[in-house]
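After this come two complexes, each holding chain A, first together with chain B and then together with chain C.
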Partner chain A sequence: MSNGVVNGETAPSGPTSTARGGRAIPGAAHEGRLWRLSDTPAAWLLILPVLVFFSISVVYPLAETIRLSFFDIRGLSAPRYVGLGNYIALFADPLFRNTIVTALIFTLGVTAISVSIGWGLAMLSAFAPAQTMPFRMMVFAAFGISETVSAYMWIMILRPDQAGLLNSIIGIFNPGFAHAWLGDQNTALWALIIAASWSAVGLPLLLCFAAVQAIPKSVLEAAYMDGARPTSIMRHIMMPLSLPGVRVAIFINLLNALRAFDIIFVLTGGGPVRSTETIGYFMYRESMTQFKLGYGAAATVVLLIAVLVVSIPAILQRTAGAK
Partner chain B sequence: MKNGLFGLRRPAIVGAASAALLLGTSPAALQAQEVSGELIILQWLGGTEAELWADLQAAFMEANPGVTVRELVVTGVGDMRGAMRTALLGGETVDIIINTWPAFRAELADAGIIQPIDDAWTENDWSTQLSDSWRTLGAIGDDTYGLTYTYGNRSGIWYKTEHLENAGIEPPQTWDALIASFDTLKAAGHEAPFAVPAQFWAHSELFETLLIRTSGVETATALAAHDIPWTDPAVRAALEKYAELLAAGCCASASTMLASDWDAEADQLFLADNRNYLLIGMWMNTRARNDYGLSEGEDYSMFQFPALGLGHDDTSMVDSKELNLTTNGNNPEAAIAFFDFMLSAEASEIQAGYGFASPSSEADTSLLGPVQQISTAAVAESQVQFVLGDLLPGDLVDEYRVQLQRFLQDPSDAMIDSVLEAIEAKAQVSY
Partner chain C sequence: MIGRAPRWAIAIMGLIALVWIIPLFGIVVLSVRPVGETMLGWWRLDSFTLTLSAWQRVWDRYPLADAFWTTAFLAGVSTFLTMLLTPAAAYAFHFLKFRFRRLLLIVIINAFVLPQQVVIIPLFRLWRDMGLMDNFAAVVVPYVGLSFAWSIFLVKNFLEDFPKDLIEAARIDGCGPVATFRHVVLPNMLSPVYAVGILQFLWTWNALLLPMLYLRTHVPLPVVLARVAGTYDLNWDLRAVAALITTAVPLIVFIVFQRQFAAGSQATSGGKE
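So, the complex of A and B:
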């Protein structure tokens, strides 16, 4: 059963899908190997439109970005080839180094908070799935809200005067309290992390809940019959067996947080004094505000590499079973 | 008749004009006959200004039935130059670019995207409608690239009349009176008298007016060109004055300033009554009238930045918007006709209806609202300096605003030195 869960983490409803025939290609099992793309030229024909679309929308812009990163382009002036000059300047730029640190704190913070809360809520929801469905839907709805809309909502929550929701709640216990959460360098980044985590909880909740639901009832029933308490069941059965869902949630939220831009742009604009500037925002500022396209492109490539560093191990791990 | 006089078509147009006069046709009708085709304008303005432009274009098309004006709209948030550059680099062809940044004008000219309009200026005799100072404002060296169609006072302080009346004070005319008013206003229940929105850029407004009031427009011009360093004592003097204001308890906490943009602070002044003074551009007028439903001159007004008594109290910071003529537009005749239309009494009247002042001598200033009239008179009496931030190179202006944020966090002498050194270090590589 546990193998089934591990191998089936992408399909929340089918942890043992291979055994049940849900994901295997019909006939493949008879030949003793998995079906391969190269088995038929028709397959290439079928994926050709996707390949063309992918090339136009992803490969070409990516290649163009990499090409631009080797040029010094300022404003509307003519490009000047500088080789690795932009990359050398980038890593010598203290602002960029600061950006990397900020991006790491933001990314790890958002991922840790959102996945922990999502996972915890999934555990609790699993004890009463039907009754908690509206609650889960509400939490997941936040995941579907545009980051910009979410950011404007958080502006109202975090506004610096006593009319801000957070300040007014604290003001119940401490009358007259007002703190500029987004204007204070000590709190701005954490306020951003909380705001970004709010909308990121939905996905871990969904994935972890699905993973828990995939645990065979017989295992849980056996635990009950052996006298296990709910906390023990959660700790020793539900949590370990829902780890595949947690891993996917970490992977997706890590990538989303690493690429975050909208919420930072709306809430703080990278400030105060650049204290909330992540790689995505740095890239925007250099490319669009200062229009140093080549420099901005170099920052984009660095961000891409960071995303790949996060993605490749996860992809390899998740496709390790494929032959 | 001036509208159609451009380039190679001039002789033909002059001939047509003669024929039209013989037939008793009006110049406007002639213009309608002579200018035709599609006129494309690179448009980035939003809100009320976009509505103003729609009205201006409709009026132009009515006067020139052969012309169809099409806007190439670029959208975005904050500094729109990025979106404009993207459109232009992407191969979009337009006849006219609406521009408000002198530094961007230079960039467009260097890239060969816009062309001088001196010939058209002479042929259309625009000097009768725009003074030399406006022409100089739109020039790069000896060539004129920009035709200014509106301008704004950036050294005016907005206030709500009832705040000062309730506190029993008059709009401060001197620095000492301004400083003294803070305690009075706080005693009247207002949280922090002077709004300093420092989240993005608006905190630099105060510095720039203090710079010209402490050291004159020449200093600001020299600083913009980096002919003097940012560590110059004149620049330091402006920041010291800024620090004096902060020390007098003018403003909210640094973190509150750094968390607020100008519109949020405007809300604090006009809706929440927590602030009393806001130094910001003339777009505030539209917001006060349209968004807050306030009556111009009655519910709110403006006074020019108080006199410091340092010999430069006749100076004001201004901004402007201009039209640039592209080199690759398909309809330069219509573009020039549009330039000419923007200096007309009709266009000025439309602008006045939206609260915008025209620099044209054909503009009837009596059509402007009371606050606009105060502003227009103040600018007319001043030595003016274009907004410093719009004159600086892109990466420098970014550093300049961030360093001013640091100054607001700690307006000490040591921090002033640190801030100016940091801006100067950036300036060394930006020019």
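So, the complex of A and C:
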């Protein structure tokens, strides 16, 4: 559709002129019907392709996931309506209840660690933005690495033998130390949280640094004039004034941690004995490996509700701003 | 910053940054040393040889070349479609009047909170019934469809500062809405469109879940890598190379286009500021 709009009857070659200075607009000379459409049909024409893609990949899946959550579907057999049966079964399933606890620890853990480190680094580097630029890049780069690949790097650090970096550092003090960080139920979730936080620091760093940079120079100047020490400038000026950035960072990282999949899949596969499965991973496991589609859909709806609860302020803000 | 920067701040920042880069550094070292030397860790210096042999052998070992082109194709097509369709829709939502405009806009821009897990089951059934499993369209359609939730928001935000006079002048000169878009608005809104393209490219290049479920024959790099990660393969050098090849392109794009990324990411999931 809009192929025609973009590549269709374009103006004669050469830079497109704007409306300034009384020069004619190239498009105005066209006789084609497309150019003379009035507002409403033109609007529908322009958004139609978007609506088609959006309906197939957002509206339909959303409605269908909710519908399927009321059915018992196993593999290819015909769906059987079970009402709230899937939800009742979910909350009676000790595995799923454990999943909620895991998701809570994972989400809060990753957000707390990544945002506090990102915020701290943002303030440290705000003292000397130019000199710390390469350092910021290094932390930021971790964020640009594919999640699959960063999970992979952490496999090498957390290897159970003495060639794992973590084991070998501990081995300096405690020779012969070897712990299967990812294979032990007591440490696997925390290993996962550390690995996920490693890549998640980039965005809080970016957002908080932007917030600190936005503090008016005169405010900082006045503080220096009054002889404030760097630590107190940090404590009393930078920290409170960068809070808007922190708030956005907390929201994004909560949302991303709730929806996490890749890093869990590669690093632990939800194990050992399904102890590191979050809701987003549980739904994949039940629907795509056990083929309990209705059950998986019900778990997805629970995830959806969690995501919506976290997003209420952002949704209200966006809805109010949609003019 | 005014005044002198405290040395300790720079020192702490530098130290943390060095620690941060260790995982990446480790994998690079692993990829250029023979596996025999790194049995006890990539940092061991008992004997030290540099070799690119793993970089040569890896292509036979894992289907990386095919995966590379698959990834490039999927990311390229999805990025192109998103960059093509987003500006037109953002323009229509911002400057044109039509029924349900505000409702549609609210629905689209709030969809950014949805987890991709929501699409898995319905599209799995839909593609299976339509015979689209293992077809590239099975992943390109949701890649593009999901992107509008943030791309339209990002571009429309940019249009809020667009000079209205320009549009009125074009209208007076006889431009219809489509011509106004093509000749007046589009040429002046390219920077947010590029930001959208970069974000979409990074996201689609790194995607694991959807291609893993909907594709079989030709799969993108993250899927190959995830499969390799699940095996008990002791060729750590080859595995390191595979990981580096997977992330090389997005990492370079990310570092080169940092600024656009920064501008984009704030609109993607955050508030307006």
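As a working rule, the second predicted complex is superposed on the first by the 261 of 323 C-alpha atoms of A that agree within 3 Å, B and C clash if a C-alpha of one lies under 4 Å from a C-alpha of the other, contacts with A are read in each partner's own complex, and residues count from 1 in each chain.
Assume a residue touches a chain if its C-beta (ideal position, glycine included) is under 8 Å from a C-beta of that chain, and two chains touch if they have at least 3 such contacts.
In this text, all values refer to a predicted model and were calculated from it rather than measured experimentally.
Chemist: Look at A:269 in the shared chain and tell me whether it touches chain B only, chain C only, both, or neither; answer first, second, both or neither.
Modeler: After superposing on A, A:269 lies in contact with both chain B and chain C.
Chemist: Examine A:163 and indicate which partner it touches, taking first as chain B and second as chain C; both and neither are also allowed.
Modeler: Touch partners of A:163: chain B and chain C.
Chemist: Touch test for A:193: chain B only (first), chain C only (second), both, or neither?
Modeler: It touches nothing on chain B or chain C.
Chemist: Check whether A:246 is in contact with chain B, with chain C, with both or with neither, and answer first, second, both or neither.
Modeler: The answer is neither, since A:246 touches no partner chain.
Chemist: Where does A:205 make contact in the superposed view: on chain B (first), on chain C (second), on both, or on neither?
Modeler: Neither: A:205 stays clear of chain B and chain C.
Chemist: Is A:183 touching the first partner chain B, the second partner chain C, both, or neither of them?
Modeler: Touch partner of A:183: chain B, not chain C.
Chemist: Looking at the overlay, does A:311 come into contact with chain B only (first), chain C only (second), both, or neither?
Modeler: A:311: touches chain C, not chain B.
Chemist: Of chain B and chain C, which one touches more of chain A's residues?
Modeler: Touched residues of chain A are more numerous for C.
Chemist: Quick check on the superposed pair: does A:115 touch chain B, chain C, both, or neither? Answer first, second, both or neither.
Modeler: In the superposition, A:115 touches no partner, neither chain B nor chain C.
Chemist: Pick one for A:288: touches chain B only (first), chain C only (second), both, or neither.
Modeler: both
Chemist: Can you pull the chain A residues that chain B and chain C both touch?
Modeler: Residues common to the chain A contacts of chain C and of chain B are 163, 265, 269, 287-288, listed in rising order.
Chemist: Within the complex, which stretch of chain A touches chain B?
Modeler: It comes out as residues 75-77, 159-161, 163, 178-185, 265, 268-269, 271-274, 285, 287-292.
Chemist: In their complex, what parts of chain C are in touch with chain A?
Modeler: Touching chain A: residues 1-3, 5-6, 9-10, 12-14, 16-18, 20-24, 26-27, 30, 38-43, 81, 84-86, 88-89, 91-93, 96-99, 101-102, 104-111, 113-126, 141-142, 144-146, 148-149, 152-153, 166, 169-170, 173-184, 186-188, 202, 205-206, 208-209, 213, 221-222, 225-226, 229-230, 236, 239-240, 243-244, 246-247, 250-251, 254-255, 258, 262, 265-266, 269-273 of chain C.
Chemist: Taking the complex as given, what residues does chain B use to touch chain A?
Modeler: Going by the criterion above, the answer is residues 77-79, 81-83, 85-86, 88-89, 107-108, 110-111, 113, 198-200, 252-260, 264, 268, 272, 274, 394-395, 398, 402, 405-406, 409.
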